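Each structure below is given as structure tokens.
One chain, chain A, appears in both complexes that follow, with chain B as partner in the first and chain C in the second.
And then the complex of A and B:
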């Protein structure tokens, strides 16, 4: 039956010297990323045109899109920007890390709501990662500046006579957009900070009433979370094409968030273990459960993605199909779509099916890295295909350098959030249950 | 087994807890026993088997007679419909789908709780499912039977209903594989088959218990046949548990797929108010919502009538109320997002459809739906309400009403006021429509009362596994002072 509970006080459970290691590595990555971005960006001419975007550029995209019908019969006007700018790869990477952070917040909240026992040994790491919302806010500032917005969102300066954008002007306008984004970050930063602080406070006090308190608070927090992630998805990603809409879009982003976070969680824990932290507190049982969640959300993501595609494909209404047409009318984006089907769903589905793969470190690492890579591809798929009407592959080295730079900063953020406190929620009364937990 | 009070931190409870609600509290870090103290393997068997071994109670006979009378309505009206034609219904020119489709979707939805409880909650290691899964699965099967009735009688010429199946024939006549109505045949058919197998397989050890207790000859033979020669040997248990896990994993996607396919019936079309990409997960959440409400409607009186209050405890009921609350809010989320996107899309017809739902001729139905589905469950924010039997029973009825009206709103309002105002009409059900709806409830409750009478209402062997786990945890706590691991395999409970 259950193995003997370990004495948590004998466990190496602080980030300790590893924190400076993470910060150094993160800083190094950030510097490499920023330098690479500057250098390559200059070579590629990415910084040449950071002023107001050319608003005539939409028609080039329209031409490249060929005979495909204009959305909603509104003639030449388009709801998207088709000219590449450095803000596009920037948005891809920012959304990649934002969704991971959202997944971390959901993990914390849902395990409080359900009074989950098994996950207590892992919760502190999720709490730490969820503190990165502050970093995410800073990273989003360039996008939210008028210059950045102008290069990303056509609705900021729509084509004259674009009636479709006209009707939603009361929602899609700069001021109201900024207020909404601010509100989302207030919710995210507030909730994640509160849950992390209270959990840390419990480390020393062991106060049981904190568990009850957070449990009672978490349902309200989840409601705020659900509304904020949905409308953030609409605002940041769906409105990239201001003509297009899909009611499931928020759920789609949610599915990817939770999936990618579990991959990050697995990688973080295994990295900590390889450096001698949490070697006994986190067992293969926990890893298997994290793997199960990755598996479950791989399937859930596929279910949501399929639902969206199938319904739009079947009903075949031009105002909706434009979004997928753009992703299917060139071989490259067609290939990318199949990458989503096979790489984002089928491969991890088959790979993560086996119990042994989820319990073995090397295989779990492979699975988690794969899932993360696919999540990045997913974000790319949401942002990029409207560039040049899908005719030209927008990949540049900047996609990678910006990702590296943000990844470095993200690692620093994680180190800052996790250092100084125990890596385990050691005052949580549910911890003993988690330490002896076994998959039956 | 020690007193429940030992599991509670008196500083963290409000002080109004009654003996009945005591096991809904946990001292953080410990798990309060699910099953009432004083229950052993023997008492569980006794309590559950007593229901089906004694003579029927007066209450049961009255309930059965009322249900059977309602069922007879079906026996009269369905032949009348078949001999006369679907004109006896209230369907009219724009509204070609009336009560029949509303009832079909309603009953399929009800049928979702069972497999969710037995498969998904099993995979999530939720031990509390063990006291309610048998009844919920039975309910699922009966609900799917009720659902299956409606497409069958809706085809008009019922004698050609077998054309729904792709049977090779010399006319080279095939159903339209591109139609989600045909996918329904497969989805619901698969769901029914797997649910039935899952339910029956899960019952084998308990049927054997009933067989072993049987005194009369006929009873013994009947339950011997039903229990398929179960002996409870170690080897049988080993295979059984492997099979149960695999069936649970296979049944899990079915919980999602059936109502997703049902939602496709609407969402693949171009009808405003039907074509929305959120429909599949939204329908699934609604189905679980209504299914749990129906379980609640059935279980609250049943545990009282059958004396199972300390087997199906307040903890079980509270957990179900929480699920009702969560799924109710997911449904509310979908209403909100649909409404928002209807406006955001800039599509005039879409916008009109949603405003028309809230303010048009069917506004009364829309607001019944919203208040029952979104507002009523909010009362469960208060623990005192979540653990109040009268409140939860009333809420469950409201949710059932609300979910029926949800389907009514979706089906009727979108069809009645479509693109051409000159083609609009107001849908009015006829007495036959209402009679068949009541009749389907009769069918459902008749089958359910028969189930209560002849089959074990609670999965005895699984509850025994939970009791064994509780005792195991207590022993560990006594020896180690910290461990709270819950649950052991049913095998250790039986052998």
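And then the complex of A and C:
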């Protein structure tokens, strides 16, 4: 019709020398990040107190922290750790990258489950990013060690007589927690590896039965994905305050995951194009759709975030409202809440509304960077107000240096996953359809 | 070959209202549309059995205003929804404009979180109305009859043929020269419809 199909064989579609560039840059960032963390961490005294808990001694610890934030009638006992530790910024960064990786896995699965056409040209990059679950597992190990757990999760050593944690003990205990986390990573690594391997195998064989096979597998994988992301959100982030609960919390994390992944996808593709890769295989039509997904999940995130907020606000039950109270009682977190409303929803909503914004490279890059920054702020908002009941300004340079270090490692992981194979799912029978895809 | 003339039965003073050219393939249609566009025609249209990508550019169709209509309708819904709730539940201005302040579970009369769902739904509702009715108005719909329907051949516009129609309102409308022009662009057949 309007376009003659692109001959994929004439396209520059391998990472080639860029891979070593990514690895070098990633290593550099990692070294800078780690050195910065060590230096600044020492200055800020972040490493003084890495041993197992000092605050588990109950009466002494709880009294020293002196909180009246606990849910009504509980006096000093509360469900969260209120002292800053290096594990807090570490958890923020780790969750930031974990959610991006989860979004990548979702992209691959939803492509297969819907038998999508348009996303075929972009799927390999998503598959590559989803391979970073291995890296995420390694990065999560320090948190999962007893020392790390003890600095983050109060339920590990609750205050004596804390009934609210007591009833949750059969779920919130260390062994079962580790088993669950292991199960999540088995699912994530298994599914992402399998889908990536089969897709790469199709590059050379062009075997159409692989597409059918992965399509048939994807509904099962999506169910596993939904369960694992929900419970991972409960375990890793929601249980930071073991008294508090919100059933929609997993969906909230999911919304942020898919949103941030599409921002990363847009940035990756545009960067590759600026280096002469995929210049014709990925057209403004694809980019517009990536932008549309960013827009859609901006709205979806807001919808879920508001759903969570409104029900808690309306019901006005102390053990639920305490989570928001902590985030509204000081000017910093009050401001941060408005940052979420305006910066995470209203600004990108209005910005990404126009199709011209989504089709033009510079504006899409601006939108994607903004969305990513806001996603980081979102993760920060979930973790940091736990410290001192939200009464402390928790920002330290470690928030940045740890992020840089992990970002460097993440880049290396992406390079390792994407190099050696084509950047396009070449053997996919839907690729021709994707290459000539147009928004009507 | 000259154009077939189809005259409406019972027309008193039939005069040509439409020049209708049939093309075999979307490719032919596309290149013909480019020529017609470049010819400076201003009231003409293409009819295809399915959406043909790139035809908008080939025809030189200007971007539709519809998104702005939808945006305006959506904004109206949002602001209107908030204003309505404010008026109903939080005003007591005068005897003429009196609301009905009603205390629900101890919340303030004017409280944004409670008002968002209604504002949101009205935004969606009015956006959808704006899109649907705006589309109808911009397309001049509903319309029960068009001169095209007098042509037997035109029925294949929903099946496997592609048409260009030049309307009599067009500044270059002239049945004979238009017919010759379209034939020169590779039309299968050209019909002039008189009403």
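Going forward, the second predicted complex is superposed on the first by the 423 of 440 C-alpha atoms of A that agree within 3 Å, B and C clash if a C-alpha of one lies under 4 Å from a C-alpha of the other, contacts with A are read in each partner's own complex, and residues count from 1 in each chain.
Here, a contact is a pair of C-beta atoms (placed from the backbone, for glycine too) under 8 Å apart; a residue touches a chain by one contact, two chains touch by 3 or more.
All values reported here derive from a predicted model rather than from experimental measurement.
Superposition model on chain A: chain B and chain C are shown in a clashing arrangement.
Once chain A of one complex is fitted onto chain A of the other, the partner contacts of A:194 are absent, as it touches neither chain B nor chain C. Judged by the touch definition given at the top, the superposed model places A:338 against neither chain B nor chain C.
In the superposed model, A:314 lies in contact with both chain B and chain C. The larger set of touched chain A residues comes from B, when the choice is between chain B and chain C.
Looking at the shared chain after the overlay, A:209 reaches chain B, while chain C stays out of its contact range.
Clashing C-alpha atoms between chain B and chain C turn up only in stretch 236-244, chosen from 128-136, 218-226, 236-244 or 452-460, once the structures are aligned on chain A.
On chain A, the patch touched by chain B and the patch touched by chain C overlap at residues 1-2, 310, 314, 436, 438, 440.
For chain B in complex with chain A, the residues that touch the partner chain are 9, 11-12, 26-31, 125, 253, 256, 260, 264, 267-270, 275-281, 329, 333-334, 337-338, 341, 343-347, 381, 472, 476, 480, 482-485, 487-489. Taken in their complex, chain A has these residues touching chain B: 1-2, 5, 72, 115, 117, 163-164, 167-168, 171, 208-209, 211-212, 219, 223, 226-227, 230, 234, 243, 245-251, 299, 303-304, 307-308, 310-312, 314-315, 317, 319, 428-433, 436-438, 440. Remark: chain A residues 1-3, 306, 309-310, 313-314, 316, 353-355, 436, 438, 440 touch chain C in the complex.
Residue ranges of chain C in contact with chain A, taken from their complex: 26-27, 30, 51-55, 57-58, 67, 71, 105-107, 113-114, 116-117.
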